[in-house]
Amino acid sequence: MPATATLADRLLSTRSHSEALCQPLQTEDYVVQPIEDVSPPKWHLGHTTWFFEEFVLKTYAKGYKAYHRDFAFVFNSYYESLGKRVVRAHRGNLSRPPVQEVYRYRRHVTEQLMDLLEGNVPGEALQLVEVGIHHEQQHQELLLTDIKYILGNNPLLPAYSPGGPREYVPRPRADWIPVPGGIHEIGHRGEGFCFDNELGVHQVLLGDFEISSQPVTNGDMLDFIADDGYGRFELWHAEGWDWVNRAGIGSPLYWHQQDGHWLYYTLQGLQQVEPDAPLAHLSYYEAYALAQWKGCRLPTEFEWEAAQQRFDWGQRWEWTGSAYLPYPGYQKAPGALGEYNGKFMVGQHVLRGASIATPHGHSRHTYRNFFHPPHRWQYTGLRLAR
Amino acid sequence: MPATATLADRLLSTRSHSEALCQPLQTEDYVVQPIEDVSPPKWHLGHTTWFFEEFVLKTYAKGYKAYHRDFAFVFNSYYESLGKRVVRAHRGNLSRPPVQEVYRYRRHVTEQLMDLLEGNVPGEALQLVEVGIHHEQQHQELLLTDIKYILGNNPLLPAYSPGGPREYVPRPRADWIPVPGGIHEIGHRGEGFCFDNELGVHQVLLGDFEISSQPVTNGDMLDFIADDGYGRFELWHAEGWDWVNRAGIGSPLYWHQQDGHWLYYTLQGLQQVEPDAPLAHLSYYEAYALAQWKGCRLPTEFEWEAAQQRFDWGQRWEWTGSAYLPYPGYQKAPGALGEYNGKFMVGQHVLRGASIATPHGHSRHTYRNFFHPPHRWQYTGLRLAR
Amino acid sequence: MPATATLADRLLSTRSHSEALCQPLQTEDYVVQPIEDVSPPKWHLGHTTWFFEEFVLKTYAKGYKAYHRDFAFVFNSYYESLGKRVVRAHRGNLSRPPVQEVYRYRRHVTEQLMDLLEGNVPGEALQLVEVGIHHEQQHQELLLTDIKYILGNNPLLPAYSPGGPREYVPRPRADWIPVPGGIHEIGHRGEGFCFDNELGVHQVLLGDFEISSQPVTNGDMLDFIADDGYGRFELWHAEGWDWVNRAGIGSPLYWHQQDGHWLYYTLQGLQQVEPDAPLAHLSYYEAYALAQWKGCRLPTEFEWEAAQQRFDWGQRWEWTGSAYLPYPGYQKAPGALGEYNGKFMVGQHVLRGASIATPHGHSRHTYRNFFHPPHRWQYTGLRLAR
Amino acid sequence: MPATATLADRLLSTRSHSEALCQPLQTEDYVVQPIEDVSPPKWHLGHTTWFFEEFVLKTYAKGYKAYHRDFAFVFNSYYESLGKRVVRAHRGNLSRPPVQEVYRYRRHVTEQLMDLLEGNVPGEALQLVEVGIHHEQQHQELLLTDIKYILGNNPLLPAYSPGGPREYVPRPRADWIPVPGGIHEIGHRGEGFCFDNELGVHQVLLGDFEISSQPVTNGDMLDFIADDGYGRFELWHAEGWDWVNRAGIGSPLYWHQQDGHWLYYTLQGLQQVEPDAPLAHLSYYEAYALAQWKGCRLPTEFEWEAAQQRFDWGQRWEWTGSAYLPYPGYQKAPGALGEYNGKFMVGQHVLRGASIATPHGHSRHTYRNFFHPPHRWQYTGLRLAR
């Protein structure tokens, strides 16, 4: 889809991409929530639809009536301003509305949005449609990784699809890229879309540093395991060491040891661990410990942004050493959208880049993703700095 | 189905009844597990099938090979002797095998059983088929109450089926039935099928008592609530009082107060609470407190069994004052079937009777059902004694 | 103390025995609460005092004013009728009132009671003093076992006192005592004191049985361990098996394995496990599993009471197979004392006998003690029946 | 104590200050641990002693033998390199060693240290004594705030001492101090002692900002409460809002509402809340919400350090908006001391300044304290920036 596509085209394309991602699923796969972080696919389909209904149609489509009076309760994620909602941990307890009803809901809302866009719409509404598109793209990423979790934690280990994104792209050898210190400009500038957490362009002063041209690979992890990296407390944060011992962690998520070999569950099913493929599915604790073991460190998000045009990125989300905090001058958006980013700025770490689950057109070098330190169901990896 | 029906006929009829119970479901309804006690319908369908495969076909059908090597892991409930299994709380995380695959599994096993029964089968195998039929009937009861829980805890409150069992059967006024004390024989005697926990016929000495001709009604509960029964500690066990306060309990399960009226979720959807219908969905704690408030008590299971031919029963499971313990001379069955009943004989209370969810032919006056005190998703009620 | 001692004598003697039990303690030992079940010794000293103040002095001592307005809050155990109280799990968080203040409180209340008893007191008050004496004796038992827990779970394993009760009394070989079936009278009859749960004398019909002349010994437990009894699920209740695995249980409480030998923490410090001493500190689950492994069972509390005059008892509390339930015709005492026993009659099992921690004069053959199945910090053992 | 005092003088003075802080305590107060974060005073006394024994005496005092072979187990805090230890949450379960024994242990170790310092000691040992002094000073701060928690959560609300630090020092009106942006040097430079987390002097680029000349006061909190600040989700982090609701928070720690007035527990007992005194005992969540409500924000730790010479500080620890992360070039100390700071650099926030609990000579403008967001038993307050 060219950047010059109309908003309506991009809307349609985004809406249909979500559904295409679900095409390989059985009806049953749409429903379950094996851990609280992983939402049922039908919830993602419904929630992204509710978002448009709530923020666009209810305000700008004349005489619009909610498709179903209970769907705001069922599909609201975390917007306190917008009323009560199903507790997150209970999303997987809901067999109704059934999948086909969610698809009907999607069609209805998409059609209403298209009707709206054909008319004379205020710029504000267009901006909200734009937000809705990017919001749905964010959920596409979660949708794919949630599907992976649902299938990859089933004892039958079914494949998602032979045609899904390939997880194993061998990478060239890593080199160190020297980056001279100085004042760098950080944050989003210009015309394109961005989220509020990227705004507040500002300058940071960096020292000299080196950053790797490649993400850390599975081979590095195999060496870390062989060197008892999961058993050496001095490599870990106290909190990470506690996590390793309490949860009995000894390898990245989706790694299985069978007859002395390491296998890895991918969207195409169980495969051999390929040493030269970029490593994924690490917690922040593991990323930190692995960097310590290499005698290096994680880059800050500022170093990453300052250096990013000098290396390839986009296959793994990369943990940075930076906590998720507001940029100087950060302002929450007014109204319910103000709950989008700002209220999560405590206790999480920033990831930079993108992953194979990121939809086309959704990545940019100022993008700030964020997760809690123990999370690893995203395609989370790392890049070394020193 | 007449009692003289052949074993094969009864097998077929039982197998198809389980499926008929699921006929009103959407595919999505088969999958979810909103609380640990409630299993997904497709799990019940698979587990009852695995039970036949494991206990009958693997031993008695020549050359039988397991339908799927992972199904023992997926569908074993609690038989330690039979290997590892999915942790109970995770049954609702499994989208696979899909529902249609479970139906195929059912057909396969049913056909193999029918083939087996046509041949020359040892009496032992016939007995195990008999156990399997009664086992599946027990699960039919759970299947229906689990379905009720799944739908009745969904915010959309969908009805199960207009044609399902009616929950509201008005009852005549209750009378006190005097029962003279003396020595009574307790336990199962005779030809018909029973579980091992009913065996060990023995005599008990009872004092004179009176027992009500009717179960307690919704009207009694409405009075109890109006008299602040849920707020008066002196009516409750310490453990029950703690439960009421911690869980914020103020009415039976499935009761909803709307605009000052009490509504009740039934298999036909939300309805008015009918005062003269038998009360259901009580914990043991509530049954005890309600009896205390009436100045009465629960009958023991021995009183119940001694008196049962003098009153109607069968619409509600009735909590008794008896803990679930072995009869004198109780012997566990040998092998894995020994895990069926005996290992649960601590911490639970006995219910007697049957409920509207009990399949035809599965109730008898020596039947001992048992649940933990806080459980109330079965059609549990009470009958007063004094 | 002869049975003919006056009430005042017995009161004084009981009050001073509680203090004598604490004589070997350091001030620090009075304060801690390592698990919720174990109360700090100073709490026992204060609570038994508050009991007299609340039930006797406030009503019968003219013009009596509470010693301290907050002590009812601090020292109430579980009497809902008597107002709010410190949550049980927080008793060990209270450094104040200090130990010396609790002793002053004791002296004050004891003196007031003695003054009261010198006057013209209604019989009701005398009965309540009697209850208070037995209540304090019950707490003496807990006091000693709680002290054992506090010291025995300290890494320094300090001894309580060289002069405390001896835990190891070798026993003669066990014989089977045949008891003919028939109708037996159960419950307390006669003049002496008893608790309300012993009342309701009634007849029970027992079958023939045999009961062991001796409690099970440490030697039996050593054999059970050697035969992997803690690792064989078929010996256990499902709930017990779960407990063993979750809590990592492999021996009775206070047993320590060092260099291949089993040691046992006693009130005199760490000692060798003596095979011919009666076994103690078992949960109900362990008692049941051990009996199963011996091919026997636990007696019911009725069998125990019917046979008790034919064997020695009193060194270990003995788990019975009976759940703690009301006798026929059981009536709670009126007022706050009605909370003493009745509200605990769910989910617990009956122990019969007495233990080396039971104060002189506090045991009788109709006494019904009760604990939850996992509890084992009392001197709990078992006696076999078949 | 003048800065020029000898190391031995400062050692003695520090050791005796810890004991002076405990002088007002009852023996019982030394033992309890009402929440996991709060350690028993006797544990602090023992742990700071063990630190000297472990890091100094065992290596540098010829022929030194551990005072007690179990004390390393009892008094190790979190040093994985130094072997097993009592689980933190169980510190309050230990009545032994008794308080007097801990004092003997202190005297023994202090004397041995003094002997050592009189001899010919390598510089390395002197540095470790220096670390030990600062370590003990850190624990003095915790000791006082832990004592406050122990007494302030006792229902009797006893005062610590009429002579302890005064919590209420009225402050002048706040002014805004404008600070021009530019490059500032951050981190510890020079001769004096500092911890490793202050090292790595580096430059940061700050924009223009204003910072308040005074910490936020109780009066601001009273207004915040009156304006329903604890009930308005839009002021809070999602995690903070969750915390407020789950824990039922409606005021700072130690605030009590009685008859419409706000009282505050101080080291001198319960007092009126004084509006012009600096606010204390806030979580990071509350500090953030209060700043939001004022239309301001928390300063970063870099802004604070750059501006600190222009305002008074030292009565409250001040939450900053900065996560606790390593400075560029941060290096952990080698050996067990490397566990002192670095392993905590995830999930915590930086506090700057000092408090009335900070011992004389222990504060400096580069000092970085750190706590988890919900913690509030320290004298934590805030200063506004914008």
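Worth a mention:
Just so it is clear, A, B, C and D label the chains in written order, and each chain counts residues from 1 on its own.
Convention: a contact is a pair of C-beta atoms (placed from the backbone, for glycine too) under 8 Å apart; a residue touches a chain by one contact, two chains touch by 3 or more.
Please read all numbers here as calculations on a predicted model, not as lab measurements.
Chains touching both chain B and chain C: none. Steps from chain A to chain C, taking the shortest chain of touch contacts, total 2. The chain with its Cα centre farthest from the Cα centre of chain C is A.
Centroid to centroid, with C-alpha atoms defining each point, chain A and chain D lie 37 Å apart.
If you average the Cα atoms of chain B and of chain D, the two centres end up 58 Å apart. Annotation: 44 Å between the Cα-based centres of chain C and chain D.
In chain D, no position touches at least two other chains. Contact residues on chain B toward chain A in their complex (touch as defined above): 26-34, 42, 70, 73-74, 86, 90, 92-99, 150-151, 153-156, 158. Those residues of chain B whose C-beta lies close enough to touch chain C in the complex are 78, 80-81, 183, 202-205, 207, 233-234, 236-241, 284-285, 288, 297, 321-323, 325-326, 328-329, 338-339, 343-347, 349, 373.
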